[in-house]
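Step one of this worksheet: look at the structure below.
Letters A, B and C mark the chains as written, and numbering starts fresh at 1 in each.
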């Protein structure tokens, strides 16, 4: 292993669920309440201020839909990576992980395009509470995409050498979660008008 | 060392391509739904489908369908808390007067919302 | 899989003490940082209590207290004591030290995430101190940071202090999320062979349940903190009613976390008290499962009482009724827990060692805190009591037992394990009485001041004729003098602590003749903890079992 000795604690598995995966699920639990708090706040104020619909009319549905497609597809790749990892095919997992990272990159580029055109039209974070929520929610989500891509690059690097293949599943679960968040952000911000 | 682990029991993998295809079709429906222009239908296609999609991703991609039940409980508890949070504070945030009271703090609100 | 240690843990000094991944060292880092922060918070309370009792005084060691300084001191005193003293010491320090030892493994499951957790925590400390030094000074909008005061620099006059304070709090949350997930997975997955769910020592349950409550409640506040930061920095209007936001939203986000948080800090010292009380009354914990289930119920209910902090904030009155009821209901499982502790004591052969005194003090003082909570939880009486010193006295009767007394329970009890030496009993007892008596003399006057209508968050009561009477000033002075006395008595503790580190009697493995697994390891345990990983055959509280030659029965002894 690396310079850090793996403790015996990490090799035990009383629940029958591998520790790394268990922790991934806990992280997702804690993320649910973070995104949950933000989206509940948005929903409450949105339902109270029905005139925000005027603002919402300016979001780019097609960009949002395309990004949903991109994330769904990248989720598909990462589950294939997991399958490959389970078959102990590190090289294959490596390839699929990089397809996923590519998906993330496309997603971020589309996001950048969206932000760019919005800002160009003078719509910024402080142009009204709807837009504050729009930027905050998509921004927080974008940070998660970015973090996922970076971690995935490390996991892919190790997977290629056949190391730590169990981590492919963990990063996959995380990536799917980020996908699920987007599945809800999409109708909340882009369709409800 | 990883061999000493009770590795996640190798379960048969479903046909992921089919699932991906279904998800994309659902996505198309949710985008086209609003074009019909019936608000209730839009709500259903938009949010109903979001829930279905999320459940599909959770069940098949995240393998919750074969995972130990406890994981479901963890996630459901977190979600339940968020529903609780919504419904308990909704009376405050979404309603600003009642039979014997009105909220002074938000009195200004409805009259001078800034438009863009 | 054979579980023996072949690896050698040889590291340099710097690596060992600053960048260690050993749970015990990380626990110590949290402990000493937490103690340092606790002293900082204590210094603050000394300064503003002096100002309250003797307005306009040049406080020795500080000087004249300006209004802005007063606000910043009160705000940061509260925030520090909860986020940078109670949580790091009770949860992170004792959690890190005890969990692997008491469940019989060599470390946390993710040692490096554990280290990262401390590093982020340390960063939060630095950011917090930076917030005092920036132009405009430290944040003074109360630890609850309600907008619009906290959101707009025009109001709070701390354009840099407020956002830095908020960032520090957010970093602290991240540190505890990482640490908490580590604790939870460790308990779930890394228990010793044979340790079933109901064999887990209560203190471990409590620390892990506290981590769970924290994890489930803090999310919305993290989101809320991001929104508040944007309101401060970028000029968004999430909490600005005039522009379509809602200041009440913050209060809900804050207290949805804030109330579970009081149980987050309550549970660990409660668990410590249980360990100490069973050990020193040589009796089995009365109703282990009932205890645990009462705690579960408390934990669940703690998520549905939060709006009792907002009774007079203009919430929907129908909701106020509901929350008054849930708040009264939550006292039931809490009372149940207290009864179980008393039943454990009943008929035991009690020895009043220092940790035992602190544990008993904890229970008794906490009951006073809980009982006064009922007056506040009834939405009618709270209209009068809200934002008076009655509230301040109430939550100090809960928090001081928790944070201060709880910390001493843990230290006096586990010091032999942590440092391999015994602390001095006589000094310990002097310290106990020197803490507990002044503590009551501080806060009983505050109850009365609150009942006379003394509003909290006021800098100088001379400006309020009806609060500027000699009688009230006598009570204020009594509270302040007692504060100084209580603080002075802490020197006895620190003297005892430092002296025992070098000169204390050498501790054996199991000086208290207790059952739990940490006492199987050497004192202090080496990196890796056990020579041979223990196995567990029974629950943690088998004391005084008839027919055995000794009155205790360690968990790892095969009959």
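Simple rule for what comes next: contacts are C-beta pairs under 8 Å (C-beta built on N, C-alpha and C of every residue); 3 or more make two chains touch, one makes a residue touch a chain.
Since we're looking at a predicted model, the values are computed, not measured.
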Contact graph of the chains (line, ring, star, complete, other): complete
Higher number of C-beta pairs in contact (A-B or B-C) found for A-B
Whole-angstrom distance, CA centroid of chain B to CA centroid of chain C, is 35
Whole-angstrom distance, CA centroid of chain A to CA centroid of chain B, is 15
Residues of chain B that touch at least two other chains are 4, 77-78, 81-82, 85, 89, 93, 113-114
Residues in chain A with touches to at least two other chains are numbered 11, 13, 15, 17, 26, 29-30, 32-33, 36-37, 40, 44-45, 48-49, 128
Shared-interface residues of chain C (touching two or more other chains) are 1, 216-217, 219-220, 243-244, 246, 249, 256
Residue positions on chain A within touch of chain C in the complex are 4-5, 7-15, 17, 19, 22-23, 26-27, 29-38, 40-41, 44-45, 48-49, 52, 125-126, 128-129, 132-133, 136, 140
Chain C contacts chain B in the complex at 1, 216-217, 219-220, 241-244, 246-249, 252, 256, 303-304, 307, 314-319
Touching chain B in the complex, chain A uses residues 1, 6, 11, 13, 15-18, 21, 25-26, 28-30, 32-33, 36-37, 39-40, 43-45, 47-49, 51, 54-55, 61, 65, 68-69, 72-73, 75-76, 78-80, 83, 86, 123, 127-128, 131, 164-166, 169, 172-173, 176-177, 179-180, 183-184, 186-187, 191-193
Residue positions on chain B within touch of chain A in the complex are 1-2, 4-8, 10, 13, 16-17, 19-20, 23-24, 27, 30-31, 33-34, 42-43, 46-47, 49-50, 53-54, 57-58, 60-62, 67-68, 70-71, 74-75, 77-79, 81-82, 85-86, 89-90, 93-94, 113-116
Chain C contacts chain A in the complex at 1, 3, 7, 9, 21, 100, 105-112, 177, 181-182, 184-186, 188-191, 215-224, 226-227, 230, 234-238, 243-246, 249, 253, 256, 533
